[in-house]
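Have a look at the structure below before the remarks.
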Amino acid sequence: MESPKTRAEEKESLRVEMFSDAVFAIAMTLLALDLKVPSLPDGTAMPGLGAALGHQWPSYVAFITSFFTVLIIWLNHHAMFKLVRRVNVRLLLANGLLLMMATVVPFSTELVAEYFQKPGARLACMIYAGIFVLASVFHNPTWYVASHDPGLLADDAPERVVKRITRHYRNGIPIYVIAMLGAFTVPMSPWEFAQGC
Amino acid sequence: MESPKTRAEEKESLRVEMFSDAVFAIAMTLLALDLKVPSLPDGTAMPGLGAALGHQWPSYVAFITSFFTVLIIWLNHHAMFKLVRRVNVRLLLANGLLLMMATVVPFSTELVAEYFQKPGARLACMIYAGIFVLASVFHNPTWYVASHDPGLLADDAPERVVKRITRHYRNGIPIYVIAMLGAFTVPMSPWEFAQGC
Amino acid sequence: MESPKTRAEEKESLRVEMFSDAVFAIAMTLLALDLKVPSLPDGTAMPGLGAALGHQWPSYVAFITSFFTVLIIWLNHHAMFKLVRRVNVRLLLANGLLLMMATVVPFSTELVAEYFQKPGARLACMIYAGIFVLASVFHNPTWYVASHDPGLLADDAPERVVKRITRHYRNGIPIYVIAMLGAFTVPMSPWEFAQGC
Amino acid sequence: MESPKTRAEEKESLRVEMFSDAVFAIAMTLLALDLKVPSLPDGTAMPGLGAALGHQWPSYVAFITSFFTVLIIWLNHHAMFKLVRRVNVRLLLANGLLLMMATVVPFSTELVAEYFQKPGARLACMIYAGIFVLASVFHNPTWYVASHDPGLLADDAPERVVKRITRHYRNGIPIYVIAMLGAFTVPMSPWEFAQGC
C-alpha cells in the first residue's frame, strides 16, 4: 500500500544513487586513461615494445589497486544508500564531498605511477593513500546526515544495522585521524607497494 | 490508481533527468582531468615534486570551486525536474542549453587555473564566472517551458512552489543581466579569488 | 493489470535506452574536450589570451553545432524507443551502429575545428557532415528491426505513428543516399559554415 | 503480489546492471578518443589531410572492432544479469573483474592501432586479443557466484537456461585456457587482421 508521495520519494533517492554511480563508473573508467601507449622511435626492434610495456608495471599495479579500491568505496556507498529513502540538500552536499574524492583518484593514481621509484615517491604515495583515507573519512558526514536528519532513512531500515554502521564509522574516526597523521610521517603499507616509496 | 499512460509519461521524464544527470556527472568527473601530474626532469630531488604540486594550487581551488558549483547547479536542476512529469521538444532543447554550460565548465576551469596570476587572468576569470552566470540564466527558458506549456508539470506539483520558483527566476533575470554586463567590466568576487584576477 | 513477464520486458527496453543515453551523454560531454586552453609564451600581454581565444572561434561554432546535432539525434532516438518495449540481439546491434556514430562526433568535430580555413577544410567538412548523415541513415536498420521483428513494439504503440515513422525513414533513404554522394562532391551547406570549407 | 522486500532487491540488482552499463558505455565512447586528428605542418596542400587520415586506417579498423566486441560483451553481460535478482559482495567483486577488462579496451585498442605494421605488432595483437579473452574468461566467476550462491537468481529464471549458460561457460574454460596459451605463441586470427601482426 504505497501512497504517491512514497513513490516520488523513492525515485528521488534512486536518482542520487544513480548520479553517484555514474561518478564512480566514470572515475573507474578514466583510471584506464593512465595506461599510456609507449612511444618508441621508429625502427626499434620487437623486444623494444615488450620492455617498454614491462617498464610501466607500476602503472598496472596502481590501476588495478585503484580500480578495486574505488569499487569497494562504491560497495560501501551502495550499502549506505540502501537504507536511505529521502534526501535533502545537506545529504547531497556531504555526498558530494565523497564523490569528489572518487573523481580525484585517476589523478593520484597517475601521480603514484609516474613517481614510483623516483625522487618524490614517498610524497606521491602519501597523497595516493591520503585520497583513499579522505574518501573513507567523508563517509562520516554523509552517514551522519542520513541517520540524524529526520525522515531520510527508509522506514524499514533495521535499527541494529543503523546502529552498527554508526558505531563502525564513529570508531573509525580516531583511526582515520591517526592514519592521516601517520600518512604524513610513515607511509601506509597496503597502498604504497613498500619498495617503491 | 495510475493508468498505463501515466506510467509511460513518468518514465519519459525520468529518462530526461537521468540523461541530464549523466551529463552533470561526466562534467564533474572530467574536471579532475584538469589536475595535471607535474613532469619533472629526471634526478630532481624530493622537494621538487612537493614544490611543483604546491605551485598548482590554483588548479585545486578551481577544481573544488567548480565541482561544488556544478553540484549546486545539479541540485537546482533536480529541484526543478521533481515538479516535471512530461517533456516536449521545447523543454528538451531548453534543457540542452543548460547542459551545454555544464559541459563547458572543465574548459573554463582549466582556463582559469592556467592563467591565474598571469596576464589574461582577468579575462579568464570573467569567462569562468560568465559560464556559471549563463548556467543560471539558462534555467529560465527551461522553467518557462516547463511551467507554461500545458501538461508538463506533475499534477501534484504544489502551486505555491511553482509560483515561488517562477518568481525566483523572474526576479533573477535583471540580476543576471547586470551580473553579465558587470562580468565584462568588474570581475565577480566569489568566483575569482580576488588576488589572482 | 501487468504480469511479471511484462514488467521484466519493460525493464529490458529501459536498460537499452539508458545505455544509449549514457553513450549520447558522454559523447556530448567529451565534445567540450575539443575546446583547448591556448598556451601562450610567458610574459604575453593581456590581449594575447583574448586574441588566442578569439582565434579559436571555429572550435566554438563546431562545438555548439555538434552539441545540438547530437541532442537532436538523441531526441529522435528517444522518440523511436518510446514505442519499443522489448529488444532482441538484432535491434541491439543495429542500435550499436547508431551509437557508434555518436561516439565519433567528438573526433569529426575536432577535425573540422582544426582544419577550418586551412588546406583540407573541404575534406574535414565532408567528413563532419558524413558522420551526421550516417547517424541519420543508421536510424533505418534500428527502426526496421524494431517494427518488423515480431513483438518488439509496445502493444499500445499507435499504428499511425508507426506508419508515419516507417514512411519518414523510407522516404529518407534516397535523400540520404543523394546527400552522401553529394557530400563527396559538393559540401552540404548547413553543416559546414560555407566560407571556411 | 510483490512484498516490499522483493521490490528493494529488484532495485539492487538493477543498480548493479546500470553501474555496469555505465562502465561499458564510457569504455565504448572513450574508444573514439583513440581517433587522433592528424597534425600537419602549415601550408600542406589538400591531399595532405586525406593521405594522413588514410594512413590511420588501422585506428579505424581497431575502433570498429573494439566497439562491436565491447557491445557483444555487454550483450552477454545483459543476458546473464537478466537472470540475476539479488547481488552480494562476491558477485560485485567478480563483476568488477569483468568490468575492469572493458575499461582496458581503449588502451589495448590504441596499442594495436599504434604498433600495427611496426616492430612489436605481434605483441600488441596478442595483448589486444588477450584482453578480450580475459573478458570472456571473467564471465565465469561472475556466473559461478550468481548461480551457486543461494538466492541470487530470479525465482522465475528458467532452469534449462541456467543449465545451458553453466554448460556453455564450463565448456568454454579449457578453450579459453588453450586460447590464452595460444595467444602467447600463435596470434589469434579473428582479432588481429592477419597481415599486420
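Per-chain numbering from 1; labels A, B, C and D assigned in written order.
Throughout what follows, a contact is a pair of C-beta atoms (placed from the backbone, for glycine too) under 8 Å apart; a residue touches a chain by one contact, two chains touch by 3 or more.
From a predicted model like this one, the values you see are computed outputs, not experimental measurements.
Under the contact definition stated at the top, no chain borders both subunit A and subunit B. Averaging Cα atoms per chain gives one point for each, and the point farthest from that of subunit B is the centre of D. Counting every residue number used by either copy at the subunit B-subunit C contact, under half are found in both chains. Rounded to whole angstrom units, the spacing between the C-alpha centres of subunit B and subunit D is 33. Taking the mean of the C-alpha atoms as each chain's centre, subunit C and subunit D sit 24 Å apart. For subunit D, the set of residues that touch two or more other chains comprises 18, 22, 26, 30.
Judged by the touch criterion defined above, the protein chains form a single closed ring in which each chain touches exactly two others. Checking each pair of chains for touch leaves A-B, A-D, B-C, C-D.
Taken together, the subunit A residues at the contact with subunit B in this complex read 4, 8, 11-12, 15, 18-19, 22-23, 26-27, 30, 89, 92-93, 96, 99-100, 103-104, 106-107, 110-111, 114-115, 118-120, 122-124, 127. The touching residues of subunit C, counted against subunit B in their complex, run 14, 17-18, 21-22, 24-26, 28-33, 35, 37, 39-40, 42-46, 48-50, 53, 64, 67-68, 71, 74-75, 78, 82, 156.
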